[in-house]
Amino acid sequence: MIKVGIVGGTGYTGVELLRILVNHPEAQLHVITSRSEAGVPVADMYPNLRGHTDICFSVPDTNTLGECDVVFFATPHGVAHSLAEEILATGTRVIDLSADFRIQDADEWEKWYGQPHGARGLLPEAVYGLPELKRDDIRNARLIAVPGCYPTSVQLGLMPLLENNLLPEQTIIADCKSGVSGAGRGAKVGSLLCETSESMMAYAVKGHRHLPEIKQGLGWMAGKPVGLTFVPHLTPMIRGIHSTMYAFAPDLPADFDLQGLYEQRYANEPFVDVMPAGSHPATRSVKGSNMCRIAVHRHVETGQIVVLSVIDNLVKGASGQAVQNMNLMFGLDELTGLNHVALMP
Amino acid sequence: MIKVGIVGGTGYTGVELLRILVNHPEAQLHVITSRSEAGVPVADMYPNLRGHTDICFSVPDTNTLGECDVVFFATPHGVAHSLAEEILATGTRVIDLSADFRIQDADEWEKWYGQPHGARGLLPEAVYGLPELKRDDIRNARLIAVPGCYPTSVQLGLMPLLENNLLPEQTIIADCKSGVSGAGRGAKVGSLLCETSESMMAYAVKGHRHLPEIKQGLGWMAGKPVGLTFVPHLTPMIRGIHSTMYAFAPDLPADFDLQGLYEQRYANEPFVDVMPAGSHPATRSVKGSNMCRIAVHRHVETGQIVVLSVIDNLVKGASGQAVQNMNLMFGLDELTGLNHVALMP
Amino acid sequence: MIKVGIVGGTGYTGVELLRILVNHPEAQLHVITSRSEAGVPVADMYPNLRGHTDICFSVPDTNTLGECDVVFFATPHGVAHSLAEEILATGTRVIDLSADFRIQDADEWEKWYGQPHGARGLLPEAVYGLPELKRDDIRNARLIAVPGCYPTSVQLGLMPLLENNLLPEQTIIADCKSGVSGAGRGAKVGSLLCETSESMMAYAVKGHRHLPEIKQGLGWMAGKPVGLTFVPHLTPMIRGIHSTMYAFAPDLPADFDLQGLYEQRYANEPFVDVMPAGSHPATRSVKGSNMCRIAVHRHVETGQIVVLSVIDNLVKGASGQAVQNMNLMFGLDELTGLNHVALMP
Amino acid sequence: MIKVGIVGGTGYTGVELLRILVNHPEAQLHVITSRSEAGVPVADMYPNLRGHTDICFSVPDTNTLGECDVVFFATPHGVAHSLAEEILATGTRVIDLSADFRIQDADEWEKWYGQPHGARGLLPEAVYGLPELKRDDIRNARLIAVPGCYPTSVQLGLMPLLENNLLPEQTIIADCKSGVSGAGRGAKVGSLLCETSESMMAYAVKGHRHLPEIKQGLGWMAGKPVGLTFVPHLTPMIRGIHSTMYAFAPDLPADFDLQGLYEQRYANEPFVDVMPAGSHPATRSVKGSNMCRIAVHRHVETGQIVVLSVIDNLVKGASGQAVQNMNLMFGLDELTGLNHVALMP
């Protein structure tokens, strides 16, 4: 059994980690920390866990965390910077769900996050935890940066095109739609039901923190810098990300077999499902599951490639992918504890 | 492995049965029938099942169904009446999710369903599949009538009071609120998003088909007929039933330990969770799970007993309870394949 | 033109007042105050008002408010207590949407609101602004207490029964369902979309601040104290209240003409619509309008009277009713500026 | 008073027309037809209209329709083809909300709608009813084709760019998100709450009937054919369209004043609101109103122009725009009866 710790489990990625881990056959929850909720049973805060775990929040403590085989950080950015080194020093591995280690270029990180990078020394060994791109590195990693939700859906949607160098023009567009849980459990007016339901809006058109992360990943795939216009939208639902990507490939023959390219690329991926040609995946088809479903189209008049990619932002976009990383790091079948069928309807 | 058949799996209780059964460690899906969809993979209709099962719908056929250990009926009322006998004759057990065998009084059934009862001969052996009330009978049954969604939540909410004969006045009220999935997957104007979201309404105040079923169950508990005013409401959400029950017990001492009564009654029930005193369970705390969560209050001024009972109408109110019955019938741990944590948020 | 001031217009009742008043043919918006937003155009906070008004929030100031014919308070409780007297002294009338003057018994008010009553001296002249009950008093009032949202729907639903002394047993139950806007625009975790959508829950079963207000009104109608069990529920929608009321009247003949009683009582009420016998009004039928729609049923088995009453909590339950009061106070047709058709779908 | 007839008022654009017209000071509803609902009061079908109109549906009849000054068609496509000529012959003007006269090229229409064009002879005088583009023609028209919902939001969003010939590359993308009411009131599984809420999906990527209509309009603005990739998405809300448009203009100076261009173009338009620079309009800011709100951005890295355009699909995208056309045709102030403030929250 893998002994698991969670730092900062009071948010949505925290409770989602718990939902997955309490039924994971090879994981045992050892400690979950929250300074503000110390002593409170997690099931008091999240009654869906009643009957599944008796664990209480406790004050963060390196000794207890150091007893774990792996510690997940489900914290705001900056926290893992300050704690990861200490925990790694005890021999415990770290899977960070925050943005702290996602961007390899510390200066770029500081520009977008507006504060000093607190752990530059760890960046060389931090592995970007997108299994479809970095599976072998993940297996041997001590420190994982779990990708963001938008970056996961966009990178998986564009990977086959970029890896095969099919996009000569740097005019990729990612028009992304996210459920409100992506904004977290903070008490913000902008996340109230009365402000977000029955409405749709774009935000952060001038620049969103996931932009440099996505561009970093696309660059790895293409072997060169890739331009991207990324516009996120707030969508009136709890969970789900739908990324619609547009790529202009004027030199690609009209009969190029995009469907085959995608099916072949993801043939052995347990959590990427290439839908049949002509499909339109709905986010509800992955609600509560770790699956990413993708469809690829080509516009008959303009020749634009249109890719549709859906995930559950809290699962494949956060906690599920974190556990997928854990499975890889500890030599388990990647599917272990992650075979949830999406809740539909 | 239990060989399982499903008759009529195209509705919401059908896909929910599939969601549960494809991950059930002791069940193997042998056949699923739908005349209209014969030949179509179920995963084409319900993409959440892609990667979990390759089974296709097939035309109903007694031979194939007779190869199963158990057949679930997820059909409109009347269908099980006409098919159950034939299937039972092959030695296969039947778990009927429809209303066909829920009411023991066939004349009463005919009055509410407006058509002749098609299988009066089977009623004596039909067992009402509410494990908390009929566990021993279920273990030995060949034919199970899975309770309706409203009846499950109301009966579990009132059981401790009625079994202990605490309600002298016949003025019980059940004010129930259901998500729209209770209306099924039929293409009806009344179930459109634009007709049901952002709105709340009562319906069937003059009489709902679940009324006689609930009164039958309450009568069993009380050992005598019980009056009930039952008003269902359509609530703008997909899943969930919240039943608020009011019972007038003027002779009950103000300090009577209702909390203890409920906790004791359900101490050994794996799927009934008595919440701490003063709680207000939300339907989302059971979304996707087979749990029923209950809180019991007493109004400080009027002395009214107020019981709050929540379930997921598609799980404990239908397909989950059906599988719970199957587990009992085949000697499995009642929890097998049913330990889902509710999806929250 | 009536010169109008608004104190505290940043919440939902504030913006709803503005929505109504900017198109009111006899009202002219003179000042709207908010200490925190002083200088900000209201249309910056509420873009639906762009093009309808250029007014900016300003710091509260008695001189400016005193220039108005009437000042609306759309503030948390306690604010009107401290400011009303000063404003009234300038000859300006006051319509208070908060709870400050709703309860005539100041001790009772203090018990439920947990703070000293700040304006006992004004209570004798404060008029409870339910036009269907107090129309003549309203016409001559200087100070109006606009009823709460739940109290409006419950009182209108029970008025014909109580005024005619038809309910001998004190076992009235009001099971009320409210949209989330009833909780206001405050940044609370409990009002987040991810906490409230796709879920239904009761709250405050032990006692809600609207209970004494409702009982006061029912008592006025009945001419004696009336017992009430009141249970509010949080419903996953923005606007709307659905009150389901149960009253036991065992001595009332089964053929008593309840429908006629209600139709006659409300025959001349512009904002109460008695639906045809057998109806089930939906909250969406009043969304954005000042109408209260009511249906009255009698349960065929138990004889319970079941009343269904729906309003838009922000209109008839707050800002619309406030303007209805203003119309009465200034001798206008009661419908002036309030003839909105509900938005449907 | 303008005497108004409506053909086919049972759908969502029909009831929305009624909502607007019953409060329109210069319009008088003379007749509304529906073969299936003849004799039924419209307020029985749409209870929001109770108290606002007593009119009943009647069988379509040219004599009665011919008594009107103007007849609105709120019908499926094909109906106006067969009836418009007859009505026009009586001297009555026609405003068609269907697609029948939107596309000037009848062959193109037949290709997309899969049936013969039934009124080619009327096309030369049919005016495309987008006031911002065709105001003068509308004033003198006998026959108006009201634009589709997506086309309205996209054309208004791109008009300033195309009229000024700023887009050299034909790679315009319109990623559009629509509420479910755009699918109409038909009883379709795909429009059920349980199929559409809590989910987001693209549809018709291969080609949507609004594509040729949009391209026709963009071509008029540019004076030459314009390529467009148009992807509509089904969004879990009742009303609203959010169009996000991407246009590549590599030769446009980085400091080009797009904000000024838009503000100037729409300075005198009563129903187009150019938001301040940096804004993100939400669809709820126009819910129930005839306004289109637009923001224009330029991506700092890629130089892509990003335009955000929101409307209420049932108002500016259908019935409100239809009434705006009527106002123009009859010499009224364009705002008459259309000054609704959006319902927010």
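The letters A, B, C and D name the chains in turn, as written, and every chain counts its residues from 1.
Basically, a contact is a pair of C-beta atoms (placed from the backbone, for glycine too) under 8 Å apart; a residue touches a chain by one contact, two chains touch by 3 or more.
Since this is a predicted model, take the numbers as computed values, not measurements.
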Set of chains whose contacts include both chain D and chain A: B, C
From chain B, the most remote chain by mean C-alpha position: D
Centroid spacing, where centroids are CA-atom means, of chain B and chain C in whole angstrom: 39
CA centroid of chain B to CA centroid of chain D, Å: 45
Interchain centroid distance [CA atoms averaged], chain C/chain D, Å: 36
Multi-chain contact sites of chain B, meaning residues that touch two or more partners: 12, 181, 185, 194-195, 197-198, 236-239, 281-282, 284, 287, 345
Overall pattern in which the protein chains touch one another (line/ring/star/complete/other): complete
Residues of chain B defined as touching chain A within the complex: 12, 15, 18-19, 22-23, 46-52, 181, 185, 198, 238-239, 273, 275, 281-282, 284-289, 291, 293, 314, 339-345
Chain B residues within the chain C interface of the complex: 170-171, 173, 175, 177, 194-195, 197-203, 205-207, 211, 227-229, 231, 233, 235-240, 242, 244, 246, 248, 278, 280-284, 287, 297, 299-302, 304, 306, 308, 310, 345
Interface residues, chain D side, partner chain B - complex: 12, 180-181, 185, 187-189, 191-198, 236-238
